[in-house]
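Both complexes below contain subunit A, partnered by subunit B and then by subunit C.
Showing the complex of A and B:
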């Protein structure tokens, strides 16, 4: 196929929008895996949970999915804090997190997924919002609002979290806990409490990411699996725990997937994304913007 | 020779088990038994890498499906007997295991797990786009209805899988008692210390990934003949990965008997649940048992049993 400039341009724009959404999906992992060293492989399942929360409220009360997600933030925060409490008591304190902690989250992934299947079935669910239909057009380039709105809100989320981490005491303590636990204790901060707050925040972001997901595409319980590899790819590519790196990696992955899908067909795009991840892990494990 | 005796006993137990199975008049018994035996092979193979060296492989489905698809590819090329297909599948998956190990084993812990997950996705994409083996539409396999002596073909598949299970368990047991096994245990306990003490860690880990991958591929090779229709989504199903990880964790990971117990326990429950309740519930059962066991009994059923024995001894 001949590579036309217009086609390439729209593929890149679509990729950037997709990448913005990927950033929202990955930011939770960037906190839990990148900063806290908790390999929360169940994070995509929490995102699906967020999507269903948005779906329930939207279909019964007609409330906007993103607004719903913002209202649900405290609920997801508490859920995350609770999960961390169990994880800490059972694995981290025993120094058992490497293998059994991983298995714990793997099991959690399936419990959430099948729980949703049992309650809602395997039908695709979707939400309604005024910005889901319309599309802006600039020449040859399409800007569907369905993608643009999540992109914008996602970028706001990243900036707010970055400000929180770098400007507040607890935010800085979260950054510190990943680097030097003992030093943090000497500053009279409790690492367990800090990590609980941070993990709560990471799960809270799943509420928003879930709302974005169900705005972008119809959702059924097992679509979360498609994101397991992707979120870790983005986090590792971005250099673990650095938000700017994570956003760059998310955009890169979005663009690469979009271009592959446009020129070679959608069935090839996972191979490219994960091929990049494998090569990164093999040759540059510290990520593209790593320390 | 303790090792020789173990092999003899394992073969004997396998033979007696098969003899008794032949007395079961129900066809379905062999259908279900095949799946349980397949999980014994997968769980034991996973445990050679995961339990003995402590590297969690999430890419079980990749090796398993690779074995299955190498059978499909060979089936389209030339008719070969099943044992030959299994052998070739083992070589193919073993080589991929070696390659993957070479690329990723310098990564520690979680990174390795993520890399294996990524590899499974890459592999699935390649197979989905490979038209020769059916692509995303899947492939049909015509299997003979009858085989000489044994009669029904499913009995033949059952026997093949039983032999594979005996071989896999024998290999796992021999590793445990060998220098190789002690090297693996040293890596699991403290890789840096092992390296410093002169254990060739990278080479040992490569042996583990190759062996583990080869055995998983061999478990997958008869799959197309069992299901007669194979598509990438079912071959690469994540449930193979979760089961192969859950079974050793539930049974116990430190020795060969753990994955065996876990696979028998979980595999049988699942088969019963599929028949009596629903197959969607299977994954929920695995998830709940997996979480339950890692929280309450971190050393699995074997660990629980050991604790009971110890307490009984203490009382005496």
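Showing the complex of A and C:
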């Protein structure tokens, strides 16, 4: 296909917007897997849970899905902290977290999925919001609000979390637990408590990511499975534990997918995106901005 | 008093002892199937199950099948084809079911076929595309009204309708998911496009995990096609419609084989964005499709589906799942037994009157005469589901026998 400036520009902009969404779904994994070394394979299921929370409140009270997600942040935080407490007591404390912990999160994934099926059935669910449908047009570039709003909120979320991690005591302790758990203990901080807070934050981000997901596409309980590979790939590509790296990886993946879909055929998108992941890891095993 | 109590206990014990004997005397007829109750196809799987359960309750209220109560034995195939052979092996070898029907979808019917054939069972498929193509099994029947050559007949109505649009289309863009159904559909579309002498300007597929469809629609737009044919699954269909609306797709005709646009949830979500799209369907409320019993069935189905979280309109698969059970009922009752060969023979030889109209099967088990309809969405206002329950929002533009209106074009000029 002929590469025209407007198509190229549109593809890049669409990729950036898509990357913003990818960053939102990956940020929780960036905390749990990248910083805490917890392979939370159930994270996409928590995202779907977030999507259903947005759906319930939106369909019952007509409340905006993103506002709902913000209101639900403490609930998801507590849920995450609770899950970590179980994981810690049953696996981590005994040193069984490697394989049995993985099985635990797999189990959690299926329990959440089947729970949603039992409660809500299997029909596709969606939300209504004034920004689903309209498009801003700036010259050659279209900005669908359905993608733009999640992108903006996602970037705000990333910046706030980065500030929290770098400027607050707890935030620094989270960074410390990811780097040297023993040293943190020597500073008389409780790594278990810090990890519980961090894991709670990681699950809290699923509330927002879920709202973004249901804004972008209709959701049914099993749709989260599609994102497992992608979120872990973004976290690894960006560099474990690095927020800026994760955002860069999410934007890169979004832009590459978008350009490939526009000019070379959409079926090549995953191959090119994961090819970039392999190349990056070959030349820079720690990822784009890895520790 | 003691004597009275002893007599009472004696009677109770006697009745309790007799109970299994009584139950044993009317052994139920077991009907087994796997069904997508979780996973990507669960939306339709659950809807089909509701329809089959309605049939079971009705038949049991009438005294059962051959005078025996009907018992459904089903397992969730999780939309996972790998689980299907195990499910049907268990149904036939462990549960010892008397009759089998299929789960929903091509991918979940094909893996059952070798087991079904090995046991010589009659097998009615609940919506699959050309499942018997490789197997040539004479006891297979497909309730989806695709016709003898499903790869063509389930698509040609779209192009027949599209070619009536003004200005007459000359170019076509085709796009579909990298999955079984869209691949078969796109293959059929290529054959038809060649016959019609249309020029293909875009022919690509996309991975089913795609999130944003705007780059694909922009890419299609850049080729300036008259017809845009899409073969997609529900989430992609929603993504494509959103993208076409957001990009402002300029085409004479847009639509095709978009699974999902038939479902209440997507109709409700997409609302006015559907206006102008031409898409395949199986049944819509209209004067030409007012089959005996369909309204009564939907009146029973819709409240149950709402409670169960299944498709609230139930126009797509449920009436056909119910019709499949009507066919099985008639075949079993007329042949007065469960002989699979006789049942299959009877189904081949008979034209059935069902809630989806007259059904007659061809030698390959598909409908002898295709009856996939193509509708153009029009006049949809807002997201109220009630508007879809009445004729008018989905105008049948093909085939001629069921037509309720002409194609309105171009798509880009219709407010959506």
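As a convention for this text, the second predicted complex is superposed on the first by the 275 of 291 C-alpha atoms of A that agree within 3 Å, B and C clash if a C-alpha of one lies under 4 Å from a C-alpha of the other, contacts with A are read in each partner's own complex, and residues count from 1 in each chain.
The criterion applied here is as follows: contacts are C-beta pairs under 8 Å (C-beta built on N, C-alpha and C of every residue); 3 or more make two chains touch, one makes a residue touch a chain.
Just so it is clear, the model here is predicted, and its values are computed rather than measured.
Trainee: Look at where subunit B and subunit C land on subunit A after superposing the complexes, then choose clash or fit.
Mentor: After superposition on subunit A, which the two structures share, subunit B runs into subunit C.
Trainee: Looking at the overlay, does A:135 come into contact with subunit B only (first), subunit C only (second), both, or neither?
Mentor: A:135: touches subunit C, not subunit B.
Trainee: Per the contact definition in the header, classify A:149: touching subunit B only (first), subunit C only (second), both, or neither.
Mentor: Touch status of A:149: no partner.
Trainee: A:124 in the overlay: touching subunit B, subunit C, both, or neither? Say first, second, both or neither.
Mentor: second
Trainee: In the superposed arrangement, does A:270 touch subunit B (first), subunit C (second), both or neither?
Mentor: Both partners, subunit B and subunit C.
Trainee: In the overlay, answer first, second, both or neither for which of subunit B and subunit C A:18 touches.
Mentor: Second partner only, subunit C.
Trainee: After lining up the shared chain so the two structures overlap, which partner does A:113 touch, if you call subunit B first and subunit C second: first, second, both or neither?
Mentor: both
Trainee: Name the contact category of A:228: first (subunit B only), second (subunit C only), both, or neither.
Mentor: first
Trainee: Mind working out whether A:173 is in touch with subunit B, subunit C, both or neither, as first, second, both or neither?
Mentor: It touches nothing on subunit B or subunit C.
Trainee: Can you tell which stretch of subunit B collides with subunit C among 201-209, 273-281 or 291-299?
Mentor: With chain A aligned, subunit B clashes with subunit C through residues 273-281.
Trainee: For subunit A, what residues appear in both contact lists, the one with subunit B and the one with subunit C?
Mentor: Touching subunit B in the first complex and subunit C in the second, residues 113-114, 117, 267, 270 of subunit A appear in both lists.
Trainee: For the complex, which residues does subunit A have touching subunit C?
Mentor: Listed in rising order, the residues of subunit A that touch subunit C are 1-2, 4, 7, 10-11, 14-15, 17-18, 21, 113-114, 117, 120-126, 128, 132-133, 135, 142, 144, 146-147, 216-218, 220-223, 226-227, 230, 257-259, 261-263, 265-267, 269-270.
Trainee: In the complex formed with subunit A, which residues of subunit B make contact?
Mentor: Touch list, subunit B to subunit A: 50, 54, 56, 58, 103-104, 107, 109-111, 113-115, 117-119, 121-122, 124-126, 128-129, 136, 238, 242, 245-246, 249, 280-281, 283-284, 286-291, 294-295, 298.
Trainee: In their shared complex, at which residues does subunit C touch subunit A?
Mentor: 37-40, 42-43, 45-46, 79, 175, 178, 204-212, 214-216, 218-219, 222-223, 234-235, 238-239, 242-243, 245-248, 260, 263-266, 268-269, 273, 308-312, 383
Trainee: Tell me, which parts of subunit A touch subunit B in their complex?
Mentor: Touching subunit B from subunit A are residues 33, 39, 86, 90-91, 94, 96, 98-104, 106-111, 113-115, 117-118, 225, 228-229, 232-233, 236, 267-268, 270-271, 274-275, 277-278, 281-282, 285.
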